[in-house]
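In the two assemblies presented below, chain A is common to both, partnered first by chain B and then by chain C.
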Partner chain A sequence: MITVIAIDALEYNLVEEFNMRNLKQEYYGKTDISEFSEPRTMVLWSSFMTGENKEEEILAKGDKEMWNTRIPHEETFFSHFENPFILDLPGYNYDLEQHERERRLLKEFFMEKDEEKKREIRKKYNENAFAHHRKIKERFLEALEGEYDFILGYFSVADVIGHLNFGNRMMMKMIYRDLDEIVSQVEGKKIVLSDHGMKAVGVFGDHSEYGFWSTNFKELGRPKITDFKSIILSETK
Partner chain B sequence: MEREHLKLVIVGHVDHGKSTLIGRLFFDTDSLPKEKIEEVKQICEALGKELEFAYVMDHLEEERSQGITIDTAQTFFKTEKRDYVIIDAPGHREFTKNMITGASQAEAAILIVDASEGVREQTRRHAYILGMLGLKQVIVAVNKMDLVDYSENVFNEVSKQTTDFLERIGIAPTYIIPISAKEGDNVAKASDRMKWYTGPTILQALDTFKKTEKRDENPLRFAVQDVYNIDGKRIIVGRVEAGTLRVGDNIIVLPTGEETTVETIEEFLKEDVKEAPSGKSTGITVADKLFIDRGHILYRKGEKAPHLLKEIKGNIFWMSKEPLVVGEKVVFKCSTQELPCTVKAIEKRIDSSTLEIIEENAEKLENREVGEVVLSFSTEVIVDDFNSTPDLGRFVIEKNYNISGGGIITHLER
Partner chain C sequence: MSEEKKGKAKKKKSKHTTISIPTPLYKKIKKRIEGTGFTSVSDYVTYVLREVLASLEEEEKEEVFSEEEEEKVKERLRALGYLD
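Presenting the complex of A and B:
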């Protein structure tokens, strides 16, 4: 049994700076995503679950359609398990409506010129992301009590909130602390994994060119995101 | 009138609730800015969790690390009696270093111990440093009583375990208080969930502590930092480490032993300053043109002189992954003095957590160990008894340009 806590945009440098001990676990480091032309969420998670570089395939769908990707279960390594629990993972089963709403509000925010209106949009955007996070957290913690042979929980809060609030260190630190507490509640073998990190662009956040990994059972060096399929399968044999 | 303030340090194991206690102290004494609490509360709600003081402290710490100035009001908490300054953020990497080097000179300490976990390695190490520095005003706060159903038995057990260790390092805690920083029991308000405890709350206990007496009446020690020539005047800049420096004082310069008289005390935009009390950094001019340089110490003729020694013995707390090795040359820093010394002997190697003597006449002192060490110098070093003049009785050791250890002088005999 292994649990993966998949955290979008979890940034290596912030985990270090905030010294989040549960996120770091015993072994931690950066992933190598240099084989991809850009750090794109959908491309990276699709490659993770199949163990293959899916960049070309996903990009061929175009900017809009890309977000509707649903990789069939049998093409993912999840199919090697009898009773896996996969929560809200992009490219597999994530809540399309929720993520569509986030992208729409984000776009509205950057299109809007009026500062007052911008503030309102940001507020709505944050509320929407936090509400989703609370829901996901609850479902994930419930799943930990269930009879599964593999659990993967995907948390988007650091990415979604980070895009508009990366300059708000307190907010980011509290989010990291919350994620840290979530990881602390997972028992047994666990992997914390991000697709990419985040770097500051003024007060906003943009994707950084490496991801974060940690485990409580093995040193992984500088793995590629496609390596996790075999790492997980060999650990659960 | 300026309110009195007392410098307080809160030590203990990293998970035993230091942040929460600090947060609680700030909160219950209305010392936290309301808007900050509100901001943190909102994010807590957004994340679906209760407000915890540790988050508020995180926020303040975050601002500090970002260089956003926290106005002094935020680093203080107040009681009716006085203001308290908490020095050193808990979990601060430099904490141990600052404690030993005297960068933060605490007057009182709270040693926090988790009721459900008892004394841990870090508790012991921190306590050891308190003992080494001679801190006498110590409160043991047995925290997280809420996790052990406010049990008197658990409290008694943890108290005994703690005092047994403290006794071995010469600390007799002034108070041992069962608290729940999270719930607010016995911090500012007496707990009605622990009726069996009739002693003071943390705040009441703190208010009974005394300010460290000023060392104005002690023999004068003036440590020279630098010498400047300004408008034809030769100004000797330094700090009064003990005693009171006055215009007209006959002084002796160490290590040269030459005598002169203090002509003026020079302070920026102030005229006719007649004296400088202990703790003051100031400039002076003297009657004679003597050789005076950084690291020199001035004392008043007729008073007890500091010691000039070529060998000292001290307790060193080693804090570097590279060990301290017998025979090697390191840099000794004490007040403004900075000079090379040789590690002559490591008479004892002690585990700072268990206090066990690991080895006698050892070759090396490893990270986090304490050693009774003899250091020798090719020129004389000017030192004092730690208790009368702490700044001339404590030192740090620099190895490969890093501060790697610190300690206090235990033997002044040559």
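Presenting the complex of A and C:
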């Protein structure tokens, strides 16, 4: 049994700076995503679950349709398990409405010129992201008690909040602390994996050109995101 | 106790409220405050929360949305497919 804690935009340098021991586990490092032209969330998670670079295929859908990607179960490595539990993963089963709401508020924020109104929109945007996170956290912790042979929980909070608040160290630290605590509650073999990290642009956050990985069972060097299919399957044989 | 004293006690009570924290955290704090000026876990928690809130408020006060950075991040978010 193996559990993957998939964290969008978990940044290597912040995990180090905040010294999040559970996120780091025994072995940790950066992933190599240099084969991709941009660190796009949908492309990276789709490539992770299939073990193949899906960039061309996903980009061919266009910017809007890309977010509606649903990779069939049998094309993912999850199909190798009898009873997997996959929670809210982009490109597989994530909450489309939630994501659309986030993008709508992000657009509203950047279109608004008035500083006070901008802060109001950001507040709404943050509240929406945190409410979703609380729901996902609860469902993930419940799943840990279930009879599954593979569990993957996807957490978007560091990415969503980071885009408009990455310069707010205190807020980011609170988020990382919460994620660290979630990882601490997982027993057995576990992998923490991000698609990409995040770098500051003033108060905002942009995707960085590498991801984060950690395990409590194996040193992985600098793996590609597509390597995790074989890593996970070989560990669960 | 006279009615006046009861009233005062009630008024004093309403200045505080009860919050829950995990028991292991409570024990950790209790150990930490030994030999410090803090006489109770409540005092320590209040102090820490005031510090955290002050830092957050300070960060928010100092925060400015620079037009240049906003343009830069907007362009990046477009490239990543978040904005059309």
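Remarks
What we mean here is this: the second predicted complex is superposed on the first by the 237 of 237 C-alpha atoms of A that agree within 3 Å, B and C clash if a C-alpha of one lies under 4 Å from a C-alpha of the other, contacts with A are read in each partner's own complex, and residues count from 1 in each chain.
Here, contacts are C-beta pairs under 8 Å (C-beta built on N, C-alpha and C of every residue); 3 or more make two chains touch, one makes a residue touch a chain.
As the structure is a computational prediction, the values presented were derived from the model and not from experiment.
After alignment on the shared chain A, the placement of chain B and chain C results in a clash.
By the touch criterion stated above, A:G153 is placed in contact with neither chain B nor chain C. Touch criterion met: A:K64 reaches chain C, while chain B stays clear of it. By the touch criterion stated above, A:R40 is placed in contact with chain C alone, chain B being left untouched. Applying the stated contact rule after C-alpha superposition, one finds that A:E127 touches chain B and leaves chain C untouched. Judged by the touch definition given at the top, the superposed model places A:G211 against neither chain B nor chain C.
With both structures placed on the common chain, the touch criterion links A:K137 to chain B but leaves chain C unconnected. In the superposition on chain A, contact is made by A:E115 with chain C only, not with chain B.
Applying the stated contact rule after C-alpha superposition, one finds that A:L106 touches chain C and leaves chain B untouched. More residues of chain A are touched by C (comparison of chain B with chain C).
Contacts of A:R169 after superposition: both chain B and chain C are touched. In the superposed three-chain arrangement, chain C is struck by just one stretch of chain B from 75-83, 93-101 or 183-191, namely 183-191.
Where the contact sets of chain A with chain B and with chain C meet, they give residues 169-171. Those residues of chain B that touch chain A in the shared complex are 39-40, 43-44, 46-49, 55, 58-59, 62-63, 66, 91. On the chain A side of its complex with chain C, the touching residues are 38-42, 63-64, 66-67, 103, 106-107, 110, 115, 118, 163, 167-171, 201-207.
Note for the complex: chain C touches chain A at residues 52, 55-56, 59-60, 63-66, 69-70, 72-74, 76-77, 79-84.
Considering their complex, residues 19, 126-127, 130, 133-134, 137-138, 169-171, 173-175, 177-178 of chain A touch chain B.
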